[in-house]
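Two complexes follow with chain A in common, the first pairing it with chain B and the second with chain C.
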Partner chain A sequence: MIDIIQNTVDGVMIGSSYALLALGFTLIFGTMRRLNLAYGPTIMAGAYLGTYAFLALDIGVLPVALLVVAGAAVAGLYVERLCFRPFGEGAAIASMISSFAVWMQIEEAASLALPHHLNAFPRLVSGQPITVGPFFFRLDHLAMLAVAAAAAALVHVVLHRTRFGLGVRTLIDHRRAAELVGVPVTHTLTLAFLLACAIGGLAGFLIAASEAQITPMFGMWATTKGLIAMMIGGLGSVPGAIMGGLALGVIEAQAQWLFGPQVRDLIAWGVLFAVLALWPGGLLGGRQVAEQQAVQRRV
Partner chain B sequence: MDDYLVSVLSNIGIISFVALSAYVLLLAGEVSFGQQAFFALGAYAAGIATAMLRWPLALALCLGVLVGALAAAAVGRATLRLSGLYFAMATLAFAEMMRIGFELFTWQVDVGGSLVGPNGPDGFGDIRYLFENEITPAQYMLVVYGLLAVVLAALLVLDRSRWGRVLRQAGADPVLAELQGIRVVRVRLVAAAAAGALAGLGGGLYAHLLTYVEPRNFDIMLGVHSLAYGLIGGLGTAFGPVLGVLIDIGLLESSRLFQGYRMIAFGGLVAVLLIARPRGLLDERAVHWISSRAKGLFDALAARRLDHPFRRR
Partner chain C sequence: MLQVSDVETAYGKIKALKGVSLSAAKGRITCLLGPNGAGKTTLMYTIAGILRPLRGSIRLDGQEIAGLTSAAIVSRGLALVPENRLVFPQMSVKENLEAGAYRRKDAAGIAEDIARMYARFPRLQERREQLAGTLSGGEQQMLAVARALMSRPRILLMDEPSLGLAPMIVEEVFSIIKSLNRDGVTIFLVEQNAHMALGVAHHFYLMEQGRVTFSGEPGKLAEDEVIQRAYLGTRRASA
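Right after this comes the complex of A and B.
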């Protein structure tokens, strides 16, 4: 019982970074209805910039964090200009494959910049875990949870208290309606894309800082974790992304403790498959799917 | 031909099967990230059949086709009412489950004094049918291209048939297709099974070419690449995906052009190409243009050769 609670706590803390990854993903998908496969590699580009500066200039952890977020946003701008802006409506698959091509580019560029497989990354905090009764909390995971919660709160404020946020939410609801009520669509889409990449960059920084290392596999890892968390939570739903991330963290922590890392991944994919087959909208995205199915039934 | 050329050409032929598999589903309007799963199932099934059960190659390849088709139909039944990204993610989830499943799968038997069979993450080696039966790489390449020619011919015939139009209509506008009396989900199920069969066939050929397969050969990279081949080469004809494979493996990987910067150059090239032609080089319009030109040329030649009194102008 104590172990299960401990795993759940660990899972929530790790899951907070998955939630941020999924949040960025869902902002892009929700507004554009496009899948950005280069999302993880974009984050990796930022993380590589950070670790490159850390190794070359020996700067502190906070400038590294800023570099990671800024690098992810700049790489995101490149992806947006090349893979999303030029495509009209209806070319969703071409745009997705294009983002995959850019993924390959970023991965090769990263391994040319830092040829080692493992690269050191600065830790955010270090120290002994805090023990409370039978439970213990890793400091870097606590910091991860705190920063992620703060970031999610900030995103919530931006989405619900600013004009830009209103535009984003309108776009998520209905693109045509957003155009009709005068939302500056192109501008809002680009800004939302950059915001998503910056959120992803923050998540990437938190993960790399808690692992204290970064590898070229990080891009694929971040894309798949973000996708799973987003799909479990419900496509295009902001609260769903956060719940999906936390749920994925908890499921993985329990499965890892029970069966080890290989079966953990098997279970994470199995949960996603089951959710999609039985309950396609995920936790909070059911409405759209239900509407679509209703249309097809009526036909 | 030298050995290197033969192996590159065989590889192009085999990867074309999984690219065609993703292409068939794209025509039906579904994006799959998971065709590598059926490729893997075909590879393992055919490898087990020849190396462990001592079946002949032809029968083993049939088993690969069957396993691929059945698995794809089963996955399709569970997921085909989903569409778009939901379906893509469900297929990816299945493929990753299969890949991890193969990492956990060990089954070895004693064949001629040594243990043969899938051995978890270490893979499945000693699929030595070609070697044992003295089939040379060049002969095997002919087998690969013979089968590919049959598949391409079938797909081209299909494209001109009523069935091909139904397939493309279900992909182009499912709601309209439903109104026209097309059972979209059923069409997609058949397409998924056919796609699984194609991938299974490719997998069986792959296992015997390499003599050694391991689970990580069948990761998401293979799945997304096979989708990309169709979009690079074009969705207008079954030659499109093959052209895509030819450009990637043939032109760039083998010629060692842009060595060290291959993915940067190729990735940029694909991104720019897709902006210009979102449905690939040989898209529907290009295919229509080529075929009408070819028809014109053919008619002109025919007219010159036999000066028929009632010939069409």
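Right after this comes the complex of A and C.
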């Protein structure tokens, strides 16, 4: 029992960074209705920029964090210009496939910039874990949870208290109606894309800092984790992304404890399969799917 | 107030509007009738800036708006209540109204206008926290109208506001149209329900196959003929 609680705590802490990954993913999918496969590699590009500066200039961990976020945003802008802006409404497949091409491109570029497969990344905090009774909390995981929660709260405020946020929410809900009330669509989509990549960059920084290392495979890893968490929670749903990320973290932690690290990812995919089979729209998306069907029946 | 001249709009190679000219006078209700596929909705979307015309001019109070973005057109005081209402289904009634005021920056004025919408449409106040997608068709139509009014338009375009509504609700929608107009809102209305439309319109146009084929006041053409042409189009001798 104590183990299960400990795993849940660990899972929530790790899951908080998955939640940020999924949040960025869902902002892009929700507003554009397109899958950005280059999402993870964009984050990896930011992380590589951070670690490059860390190795070359020996800068502190906070400037590295800023560089990772900024690098991910700039790489995201590149992906948006190349894969999303040129295609009009509807060309979802073209965007997805070209984002796959850019994924490969970024991965190659990162390997050329830092030829070692494994690169050191600065830690955010180090020290002995805090023990409370039979439980212990890793400091870097606590920091991860705190930063992720603050970032998610900030995103919530931006979405619900600013005009840009209102525009994003209308675009997630109904693009044509958003145009009709006067939301500047292209401009808002670009900003939402940038915001999503910056959130992803922050998640990437937290994860890389906790592992103290980075490899070119991080891009693929981030895309898959973000995708699974987003789909468990519900495509395009902001609260769903948070829930999906936390759920994925807990499931992985329990699976690793029960079956070992090799089986962990298999279980994650299995859970995704089960969720989609039972609730096709994801945990929170399902209700939305049902509501949308009700709306369509009425029209 | 609104002047459309010689507008052509195409979907790919298919021209949906083949040189449409018409106008809507300030303070009046102008109505556009015509059979399915005549291009009425295309014209509405073209005026609102969602579709771009190939050529022609659209003037609002003398200023050219053809080619502007929909955002710029809303700012200039034109709002469209679209066909099928297109409310934001996952947002509450209140959020829908706030979204309608997207182009405005006067927070106090927006709050005041939301209160005015609730006064005009008490059903919306009752359901202000409810998701718009769960409203009935009639309520969604009220919301779509209220949302468009939130931008404080000088001219309101309405595309088939009676579509799919029960006869009693249709009566209600038309009485709202009349009362809005009494309050000084210029209205340009597309309707399938020719009888109801002719009842409120000061001026009407018939549109068939992408062209305006009649312009006049209600009464100028026998209602039978209007209905015949509005639903079936003019019978053509040769194919």
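To be clear about the criterion, the second predicted complex is superposed on the first by the 288 of 299 C-alpha atoms of A that agree within 3 Å, B and C clash if a C-alpha of one lies under 4 Å from a C-alpha of the other, contacts with A are read in each partner's own complex, and residues count from 1 in each chain.
Definition applied: contacts are C-beta pairs under 8 Å (C-beta built on N, C-alpha and C of every residue); 3 or more make two chains touch, one makes a residue touch a chain.
Here the structure is a predicted model, which is why all the values come from computation and not from measurement.
Student: A:Ile97 in the overlay: touching chain B, chain C, both, or neither? Say first, second, both or neither.
Tutor: First partner only.
Student: Now for A:Gln262: first (chain B), second (chain C), both, or neither, which partner does it touch?
Tutor: Only chain B; A:Gln262 stays clear of chain C.
Student: Per the contact definition in the header, classify A:Tyr78: touching chain B only (first), chain C only (second), both, or neither.
Tutor: A:Tyr78 sits against neither chain B nor chain C.
Student: So, A:Arg169: does it touch chain B (first), chain C (second), both, or neither?
Tutor: In the superposed model, A:Arg169 contacts chain C only, not chain B.
Student: Which chain, chain B or chain C, ends up touching more residues of chain A in the combined arrangement?
Tutor: Of chain B and chain C, more residues of chain A lie in contact with B.
Student: Tell me which partner A:Glu179 touches in the superposition: chain B (first), chain C (second), both or neither.
Tutor: second
Student: Which positions of chain A sit in both the chain B and the chain C interface?
Tutor: Dual-contact residues (chain A): 292, 295, 299.
Student: Okay, in this complex, where on chain B does chain A touch?
Tutor: It is residues 26, 31, 78-79, 81-83, 85-86, 88-90, 92-94, 96-97, 100-101, 103-104, 174-175, 178-179, 220, 224, 227-228, 231-232, 260-264, 266-271, 274-275, 278-279 of chain B that touch chain A.
Student: For the complex, which residues does chain A have touching chain B?
Tutor: 29, 35, 37, 82-83, 86-87, 91, 93-98, 100-105, 107-109, 112, 220, 224, 227-228, 231, 235, 262-263, 265-266, 269-270, 272-273, 276-277, 280, 289, 292-293, 295-296, 299
Student: Touching chain A in the complex: which residues of chain C?
Tutor: Touching chain A: residues 48, 50, 69-71, 73-75, 79-80, 82, 84-91, 95, 98-100, 102-103, 131, 133-134, 136-137, 140, 147-148, 151, 164 of chain C.
Student: For the complex, give me every residue of chain A touching chain C.
Tutor: For chain A paired with chain C, touching residues are 163, 166-167, 169-170, 172-174, 176-185, 288, 291-292, 294-295, 298-299.
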